[in-house]
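Look at the two complexes coming up: chain A is in both, with chain B in one and chain C in the other.
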Partner chain A sequence: MHIPDAFLPLPQAALYWVIACIFIIFALRWSRSEMSEENIPLIAVLAAGIFAIQAFNLPIGMGTSGHLIGGALAAIVLGSPYAGIFVLTIVLIIQGIIFGDGGITSMGANIINMGVIGGFVGYYGYIGLKKITNQIYLSAGIAAWAACFIAALACALELAVAGTFPLIPGMVAMGVYHAVIGVIEGVITAGALYLIIQARPDMVPEKVKSIIKKDNNM
Partner chain B sequence: MIEEIYAIETLAMGTTWVHRLDARLKIILVFAIIIVMVSCPIRPEVWISGLIAMIPCAVLWLSAKFPLGTYARRLFLILPFGLFVIVFQVFYPNQLFESVTILYSLPLVFFSISIYAESLLFAQILLVKFLVCISYIILLSSTTTMQDLLIGGRRLGLPAEMTLVIGLMVRYLFVAAGMFQRVQNMFLVRFFSPLATHLPYRYRLSVLAYATGTLFLRSYEQGERVYMSMLCRGYGKDSYLHVSNKPFTKQEWMFVVCSLVFCIGVMVLQFIGTEIMYTMNFA
Partner chain C sequence: MEDTVTQNPMSITLFVIAGLIIAFIIGSGAVFFASDNPDGLESAALFVQNAKELFGQSPEDGDPEAIGTGTFEFKAPIPDYTLERGEGVDVLIALFGISLTFIVVFGLARGLHRKS
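What follows is the complex of A and B.
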């Protein structure tokens, strides 16, 4: 899903960069105010961990493998969409400049797809679904699936606007492929969230893990 | 991807003059070339400027005493997504061109697959631009250590906050790579593979989910320790990574000017070449 350089014309790439920068500034501001202290270092080290998590080969079936994005997981566990943006932005910068995955001009678009969409859809999808279904892990799974799927559609849309790939076939190809990967992403996110809540309940904010207890006495 | 980090950093620790070159110079050259290549108009002649733009890359790569195989291996790891878009391109009419001509049509039972001439052309142009951009990024990351890149970026005006964050991330990237490697070894000694089909699917997913959760927890706790130790050493909200100023020497200015002139030259050449070809065609 990493759009490489030259796949987006320069003016469009610049526009995506501007939008991405606005969200990066918001994310930096969030990490200064919302987190308990000035613990930007913590998020930076966590980003390195997310990078390692992305390296796991996930079995999709029929011998193919995929990789986790992890934006939704970071956003849910840290309790803010900006966490997803923050972590994914750093990861994408390193991926673009050191590994060549994704590009320099197109990095803004990639940050929007995976960080911004991943963070917002992942977090608010989770909170919304949790209110409706009252189930933590199911909501986390579906939210992570949606974050992966919608990010893929956004990527196809950007390529279509750029004239690089036609809209409908791009949507179908990217959509189907990531709908399948998204299921795995959802399952892994839910499983990882289960482990994290069991092992370090103090780490997860109350608004994330709380569910409304039904009163049985009434 | 993170497994390659040691290999890339080992390459970047070389001692040739390309490695010793100030990181800022390499960053300026690479970014300028990429911007020029991305902004090249969609014309069939783009391969000429692509070829010219590759000359400094090849010279620097060979001066860094790297074999071509290393370049090919790194290129191969990056290609998949871009190549997918480029290859499947040719089966659909491209919206940038008004008229489309079918180059080749392959009838199947229910539908037919056609290859469009314009789309094939567009795919070629895209491939040229893509390869040049990727080659320069490979060159940059293979000849410059991450710490140098970071300091170079800071000197070129990367915000201090981002420098601190990325600097920490880069430093702990190697710790994370080690953690990942240990988890992989642990899988290996227990004969577990995520792609092993003889194991139940559910079981493989649960193992992977717990490994993911564990890595998340471990890096979070690593982050907590780092943060605590930084606090002990006087870290506060106004602390930044200190990077001393270092003005360019005369030779370095020459390099910057030369690379920018080269980039502008490639751009101008592109326009002039295209114009000449078109006037010749119309004449």
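What follows is the complex of A and C.
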């Protein structure tokens, strides 16, 4: 879902950069207030893992491939949508500048789609679903799917405004492909959350890993 | 009543090593096993320029960026994660990217934490 430079006119790309920078400032504030010596290694390993998985395109049929985005994963594991923005911003900067994966001018839009939308939909989707289902991993999987799907629709909308994609065909194609890619996002997010909770439960915030136990005596 | 998943934590060093090994395996695997098909955005771009059917296969010579309206161009030093010098070099590039991401995030996070 990395938008290349060719897909956005410069004025619109600049506007997305401005919006992205506002969220990056909030993400930096989050990092200064919430990061600790204990969770810094988790954040770094998570970013390295997201970089690796984003490079691994899995076939999804329809002549298309897909990979994890990771904004939802980082936000859920670290307990804040701003964590998703923090991690994805750095990953996207490295990918864009060194590997040409996603554009430079369009990087603001990519940060909005994968970091901001991925982080917010992933985190608040997870918290909401966990309250309803009382299932940690199911909630994480569904929230990550939704984060991927909604980010794809936002991307299609941005490209329609840019005049690159026609609105309806663009939304349909992005929606169909990312509805399937989202399944990969959901499975990997749930799996990674499970592994991290098993390995270092103390690194995952209480609000993320806590579940409500039903009391049969009531 | 709140209940929490609890396990004996593995050491932080082991956690980092295990995480990086998993990332290295995934990154190396991508060199050999990643699909050559375009990703979701590229496939959508091919579809809207009538170069592929929605559920059909993608053309081998399709150019997703042909539809672009942007004018800015940037040449990355290692475009598409390859220098086209063989799979061994591509594996090293993947390991470089993973390591660089880890170091940058770790260093930045440490710096921000110390400042706070």
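A few notes on this one:
Here is the rule we use: the second predicted complex is superposed on the first by the 197 of 218 C-alpha atoms of A that agree within 3 Å, B and C clash if a C-alpha of one lies under 4 Å from a C-alpha of the other, contacts with A are read in each partner's own complex, and residues count from 1 in each chain.
One rule holds in what follows: a contact is a pair of C-beta atoms (placed from the backbone, for glycine too) under 8 Å apart; a residue touches a chain by one contact, two chains touch by 3 or more.
Everything quoted here is computed from the prediction, not taken from an experiment.
In the superposition on chain A, A:72 makes contact with neither chain B nor chain C.
When the shared chain is aligned, chain B and chain C each come close enough to touch A:4.
Applying the stated contact rule after C-alpha superposition, one finds that A:178 touches chain C and leaves chain B untouched.
Of the two partner chains placed by the overlay, chain B and chain C both lie in contact with A:28. Touch criterion not met for A:121: it reaches neither chain B nor chain C.
Residue contacts after overlaying the shared chain place A:41 against chain B and chain C alike.
In the overlay built on the shared chain, the residue A:109 is in contact with neither chain B nor chain C. For chain A, the partner that touches more of its residues is C, with chain B and chain C as the two candidates. Within the superposed three-chain model, A:143 lies out of touch with both chain B and chain C [touch as defined at top].
In the superposition on chain A, contact is made by A:191 with chain B only, not with chain C. Under the contact criterion defined above, the residues of chain A that touch both chain B in one complex and chain C in the other are 1-2, 4-10, 13, 28, 32, 38, 40-53, 55-59, 63, 65, 90-91, 94-101, 103-105, 163-166, 169, 173, 199-200, 203. Residues of chain A touching chain B in their complex: 1-2, 4-10, 13, 28, 32, 38-59, 63, 65, 68, 73, 77, 90-91, 93-101, 103-105, 159, 163-166, 169, 173, 184, 187-196, 199-200, 203. If you check the complex, the residues on chain B that touch chain A are 1-5, 8, 31, 34-35, 37-39, 74, 77-78, 81-82, 85, 88-89, 91-96, 126, 129-130, 132-134, 137-138, 140-141, 146, 149, 161, 164-170, 172-173, 175-177, 179-180, 194-195, 201, 204-206, 208-220, 222-224, 226-227, 230, 235-237.
Here chain C touches chain A in the complex through residues 1-7, 9-10, 12, 15-16, 18-20, 22-24, 26-27, 29-30, 33-41, 43-45, 47-48, 52, 54-58, 65, 67-81, 94, 97-106, 108-110, 112-113, 115-116, going by the rule given at the top. Taken together, the chain A residues at the contact with chain C in this complex read 1-10, 13, 28, 31-33, 35-38, 40-53, 55-67, 87, 90-91, 94-101, 103-106, 136, 152, 155-156, 162-166, 169-170, 172-174, 176-178, 181, 197-203, 206, 209-213, 215.
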